[in-house]
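Shared chain: chain A. Partners: chain B in the first complex, chain C in the second.
On to the complex of A and B.
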């Protein structure tokens, strides 16, 4: 066996896998919503909010949004790694993106449970 | 090493292959969707909050400019979705030949642009 010296933060595989698991979850949610809208051509305010008044649906939606934010974080981080080289600017963008995603998470809960 | 080796950068002859175009559009559409997240969340909020905000949202979306923005976002979503499913299939070792990669790239563009057109027809 070859002794390998592994360097780095070791989050590569975890994030690679997370990107795919969150993607599959979002595909399932998308198909569900698309199917619901297509099966109800008479969609209006009542039917739309009726769907989201269900606690299971609210949780499913929050799960979808959390998956989306995690997915977006990995994607944006990869893009920034590729194009932004100065460490200071890169760090500043990371902080802004993380703050934005945390705020979106709070906002999502407010949207779903404050309606 | 010979530093004066010839370079072939005839820009009218080299071009990005189809899977490359699908790939860069996947990145572009993802970035676009991320940047528009506040807009999308605001629309979700308006659609759920009250009958009034729901009606106001529908009215705003009647505007031709809003329709164009919505269609653009719809394309970004569809492209990202289709190209993403293609990558998942490639991870599962499907379409690993060059011919397969080209064929599925065509399918991604065909399905995402086709569904965007259907959506455009519905909007107008």
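On to the complex of A and C.
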């Protein structure tokens, strides 16, 4: 096969935009958690589990974690694109990263709703 | 005045090396290029590109004390000694300070750096309003010296796939031109994880541009246009 340089995958904008939007979501969540901890100096196990027994809080946390995983996927893929040149190895790493992130998602749900 | 200059002649040298030079001059208001030409009188095997010697042609771009710039408009007095001169990073060296710019111009040509307008040519010029013309300020001044592109790590890693700041600045120059009719094709051409989205906004390009241009801002505007046509 001729080793031609091929570009023109016609994607990139959605991921770039998603990385920015997920970042905003993560900032909001982080500020909320930081604010909550600062406003409750008596923070202990009871208060913490109390906060997370709220369904809205659980959903908000899951949303935060999904944003984190999507954000991480785009970032890790960008790094792999720069440093791993052989297409086969790169694809294998992509699959491993996606599987790991899917596992984390399942695990997150288990933790949040198993509390 | 002390200099350390990157030397490499592929016909005789197995490896590049740094050579020390000395000049007994006062910096005064001399530019770096003047000093290099004096060194060339000492040692005529020292090779570099230069032409207009006033920052217009972009031939004498080189890495000066670790920073890309044009030798002809860099005041000698602004430089710490020994002044270390190297060829532009990330491009193959032909000899001493001369690099092979093929890859750079390939990327430049890939964005179609010319006006695309399918209307029949008018009797006189294709007119622009002063506001439309103003859009091109900060874009058309690029002299293609490659200082920005060769200071960009994304270009170092993917010179064959990433257009680079100079090419993208020019891409936006034609996207911003009211007379150009190929906006959609131009955006399609750049909608690619490598060609445009390798830019991670570290702004090395803005930092080194000898003409004071802002490729990062132009890249941001290309992304804006893409967002606008998508959402």
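Some points to look at:
Heads up, the rule we're going with is that the second predicted complex is superposed on the first by the 108 of 115 C-alpha atoms of A that agree within 3 Å, B and C clash if a C-alpha of one lies under 4 Å from a C-alpha of the other, contacts with A are read in each partner's own complex, and residues count from 1 in each chain.
The rule is short, and it goes like this: contacts are C-beta pairs under 8 Å (C-beta built on N, C-alpha and C of every residue); 3 or more make two chains touch, one makes a residue touch a chain.
Everything numeric in this text was worked out from a predicted model, so none of it was measured.
In the three-chain model built by superposing on chain A, chain B clashes with chain C. Once chain A of one complex is fitted onto chain A of the other, the partner contacts of A:5 are limited to chain C, with no touch recorded for chain B. Using the contact criterion defined above for the overlaid structures, shared-chain residue A:88 touches neither chain B nor chain C, since it reaches no partner. Contacts of A:15 after superposition: chain C is touched, whereas chain B is not reached. Of the two partner chains placed by the overlay, only chain B lies in contact with A:108; chain C stays clear of it. After overlaying the two complexes on the shared chain, residue contacts for A:27 are found with chain B alone; chain C is out of touch. A count of residues in chain A touched by chain B and by chain C gives the higher number to B. Applying the stated contact rule after C-alpha superposition, one finds that A:41 touches neither chain B nor chain C. In the superposed model, A:76 lies in contact with chain B only, and not with chain C.
Mapped onto the common chain A, chain C and chain B collide along 95-103, the only clashing stretch among 23-31, 95-103 or 113-121. Overlap of the chain B and chain C contact sets on chain A: empty, with no shared residue.
Those residues of chain A that touch chain B in the shared complex are 20, 23-24, 27, 30, 45, 48-49, 52, 72, 75-76, 79, 100, 104, 107-108, 111-112, 115.
Per the touch definition, chain B reaches chain A in the complex via residues 27, 30-31, 33-34, 37-38, 41, 44-45, 47-49, 51, 54-55, 81, 84-85, 88, 91. Within the complex formed with chain A, the chain C residues making contact are 154, 157-158, 160-161, 188-189, 191-198, 200, 223, 226-227, 230.
Interface residues of chain A facing chain C in the complex, by the touch rule stated above, are 5, 7-17, 78, 81-83.
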